[in-house]
Amino acid sequence: MVRRAKKLTRGVAVIGAGMSHFGAFKEKDSRDLFVEAFQAVLGTVQKGIDPREIEAIYVGNLSSDCFEGQAHVAPIMAEWVGLNPRPATRTEDACASSGVALREGIIAVASGLYDIVLVGGVESMNKLTTARVTDILAAAADAIYEVSVGATFPSLYAQIATVHMDKYGTTEEQLMKVAIKNHDNGALNPKAHFTSSIRDLMNSRIARAKQKGQPIPSWTDEMEFLKDPSANPIVAWPIKLFDCSPITDGAACAILVAEDIARNFTDEPIHVIGTGQASDAQALHGRKDITSLTASKLAAEQAYEMAGVTPKDIQLAEVHDCFTIAEVVATEDLGFFKPGEGSRAAEEGKTARDGEKPINTSGGLKSKGHPVGATGVGQLVEVWEQMSGHAGQRQVARVNLALAHNVGASGSTVVVHIFERR
Amino acid sequence: MVRRAKKLTRGVAVIGAGMSHFGAFKEKDSRDLFVEAFQAVLGTVQKGIDPREIEAIYVGNLSSDCFEGQAHVAPIMAEWVGLNPRPATRTEDACASSGVALREGIIAVASGLYDIVLVGGVESMNKLTTARVTDILAAAADAIYEVSVGATFPSLYAQIATVHMDKYGTTEEQLMKVAIKNHDNGALNPKAHFTSSIRDLMNSRIARAKQKGQPIPSWTDEMEFLKDPSANPIVAWPIKLFDCSPITDGAACAILVAEDIARNFTDEPIHVIGTGQASDAQALHGRKDITSLTASKLAAEQAYEMAGVTPKDIQLAEVHDCFTIAEVVATEDLGFFKPGEGSRAAEEGKTARDGEKPINTSGGLKSKGHPVGATGVGQLVEVWEQMSGHAGQRQVARVNLALAHNVGASGSTVVVHIFERR
Amino acid sequence: MEVKEFTAASFYRFLDRKKLMGSKCKKCGALFLPPRPFCGQCLENEMEWFQFSGRGKLISYSVVRVGTTMYEEKGYGRDTPYCWGLVQLDEGPRISALLLGADLSRPDSITIGQSLEAIFPDKREEEGERNPVTFRLE
Amino acid sequence: MEVKEFTAASFYRFLDRKKLMGSKCKKCGALFLPPRPFCGQCLENEMEWFQFSGRGKLISYSVVRVGTTMYEEKGYGRDTPYCWGLVQLDEGPRISALLLGADLSRPDSITIGQSLEAIFPDKREEEGERNPVTFRLE
């Protein structure tokens, strides 16, 4: 059978995107976080929208059944934002759950069934202990053959790191630079989980030590801080605490409409010009090479082809940095840098806000936070804010073409979207 | 905003549907069950299909993360049937998870993104104790406000039953007739969980008592058997054991294609002519009336309108009989019988295989089994077999128009599909 | 004690203080029990707390002999059933509640439409557990 | 002992009998470890069991100081780390394995490409638990 070029039968545009605060909110349930994101998205629609016009809702969520004892979250979210009896569907592909919700929303509008769709994601993780969260996240790997030998998410990405280091000479220091850069961005994001740069964190610890009359740490810069195992302990060698994204609660929402009605809602819709999704073996051992995520390459290829653009054209990208090594690999898989050169690019500042290819201006999962089911649509929120010029202190010069890259688990699902401002 | 008539931009047809055996298979994992269903579906495509032509996969699943410690099941299913790196997405709307997977597959083909899609569902529940399964299923209700007061699924449907009895005079005996009818059907379904009629079950217990020299029960017919609390104990009054569907492991698959290529695969495609989905308050207390599921009515209305048919036209229906009362309510909500007359219709045999409106010829969830995530596509398997004349001893006279009705939880999600043989 | 947010955490804190609290939309007057931060009727988010009288009538019920693990651990089971059901408050909204005061050996002695009143057992659950909403048949 | 089906249950039973068993496609010869019932290469379902030698080389690894609850309960933790990694069998397929025999205080003493051999500790897990695939660095 001849492979057809993938094409949507109708154009789809984003008319607004907003998120709850990301952080640790033990007193809130998923539904509360989702309401906060819903109210935020309503506020971003330039000409306003009557929420009753929304025809369906897609909600990404990894595991409220394990985190909160609450399965079947989609209709609850619909109800809590006043959207019953609209169809409400949960999508789950681990940490790509809401990237997939976004994709399903796009497909649904393209199908002609709906003109206006709410897509979102939510996760509430902080009611449990870190140990239980570690277990629940590990279930997104291969429970039978990976979790059994002791796999945790940091240690899965550590496998990728050890091979990347062995093959390309990537260093622990280079990975630290990724964390520093993302915290610098997150410090400018008022809704981020961590709103401090690593230098600020370091300085506040020094100040606290002084205040308490404790021995004053000798760190003179962030790199010394990150190299000190007392400040940055090993989680799963070579992954350290500051290589990991935090355990975050949060929700994010976006509203998609058929392109032909977008200007009823805003003079500056963001057009979805590319979408791609691919799978891979769930277990790392089922893949030929782990210095790269094959599913990232394939999903990106689909999205670039549909959009008719190349990696060079992308002016800003939110990529899935659940661990610092993941950002490095993503920037290679997406074609921004050659294989093995992502770590050096980060070290040289190429991925900084003022670099040639700004990556994770939001702070990324590392600093903005990683409420797993909300992460994919959360990336779109940053793309939306940057493209519509509302990113405040994080604002990059005019962005007309941006990409979002959302990974499920260790790469067995990847979703890539490309957005255009016209 | 003017309400537009919902219409898909491209027609979609089913070219095959198949399922694993339904039952209790503690030695098998979800992936094993899914492979069995996949092999079954390949065997139902009249002119054959190269599985490599399948472009994407949607998998309904309620909670493998709780049942098996395995989240992110979609890419595993894709991998285990050799379909990596195709996009693989899990949908979850409780027991309507694969009804929703079917709907997402339809939408995806209609969108133009894919021409050939695999939809399926899977659940493996029997590795846990009944108590744990009860807990996990209860999580599909409102965990904060229903589970807290002791809600279990039987007791949720018991609420509906007590009100239906109070308002319409529905009796426990009428509900028993539903169970007897569905077991009679399931006894003719070689892949059903229970392949015995209730009379056969009764007789085998009498035979066993004789054999063991125990007191011989005095039951003379199924109704006496079902009225005996030692044979049919109360689970959540007025719901008894034989009002409940079993805890089942199983998987089901179907292949959807764009209508214009359907005849490459079969001379007798089944056309999807209507799809509807609606939500409702998750908690029963959030609804005005519980003698009916509003979401069933709304989803059916959408599907009938899209299909341009009326309830009278439907020749066969698979409806969501997780409990006997659910079947009664469904046959009313779908417009087959007037409100309050569903129980009498069942009693009078109108829903039997040879009745005016055959309901659950497969045996239904009650007897065929209810592997929750697989149930929706499992219903399509029966529709497929009946419409293509392969239902064996269960075969109803030529079926040209059939309906499948899949409920999530106590009715906070409902999906309805209408199929036509032309 | 933080009860500003219209969350489950606030609802259950009020319950411990023997108050059955929902939310009321300042715009359209719609009542929500349990409380919600966002009005499902007019889709606005200006809510205030509203205390329910705790008086209502029975809408539906079930006598449960196979309960959840949590309820089995509380001592309920096949021979020691519990009853829960839906209660319509005098003010309109409905809520799910554990129902006390019925003869559970004769479930059909319970009458739909019967009057009920909220009761507030003294906190005796494990730390971190929440007391269920509880009503007594009159 | 039922080992006919190409399932995880069969795989772990074989492992208890000190055999590292995968499946082999009778049509195209593709090897699968862990075993699969359906060939991912030629999409056929004629499989037979295939015993792996248990010899291989190290592809990647990690020394874990914050483990899952299951591993913490086995006594591993921040000061008593464990190591797992990917092993490429001599026959081609890769598998995830718990790795013994390394100096975990010096993770960089472990060398990618190192030879490994499967070991089969005597069953000492709780009833119902499965022994993990385990390899020893040589």
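Note that the chains are named A, B, C and D in the order they appear, and that numbering of residues resets to 1 at the start of each chain.
In this section, a residue touches a chain if its C-beta (ideal position, glycine included) is under 8 Å from a C-beta of that chain, and two chains touch if they have at least 3 such contacts.
The structure displayed is predicted, hence computed values, not measured ones.
The centroid of the Cα atoms in chain A and the matching centroid in chain D are 32 Å apart.
Between chain C and chain D, the centres computed from C-alpha atoms are 51 Å apart. For this pair, chain A with chain B, the centres built from the Cα atoms lie 36 Å apart.
Each of the following residues of chain D touches two or more other chains: 8. Those residues of chain B in touch with two or more other chains are numbered 29, 50, 79, 84, 142, 144, 147, 286. Taken chain by chain, the contacts fit none of the simple shapes, being neither an open path, a ring, a star, nor a full set of pairwise contacts. Which chains touch which is summed up as A-B, A-C, A-D, B-C, B-D. Interface of chain D with chain B (complex): residues 2, 5-9, 36-41, 43, 45.
Within the complex, the chain B residues that touch chain A are 1, 4, 6-10, 29, 50, 53, 56, 62-63, 65-66, 68-72, 74-76, 78-79, 83-94, 100, 103-104, 107-108, 110-115, 136, 139-144, 147, 275, 277-282, 286, 294-295, 298, 408-409, 412-413. The residues of chain A lying in touch with chain C in their complex are 27-29, 32, 35, 38-39, 50-52, 79-82, 84.
For chain C in complex with chain B, the touching residues are 8, 34, 59-72, 76, 78, 81-82, 84-87, 93-98, 107, 112, 130, 132-134.
Within the complex formed with chain C, the residues of chain B that make contact are 130-132, 134-135, 138, 142, 144-152, 154-156, 158-160, 162-163, 166, 233-239, 283-286, 290.
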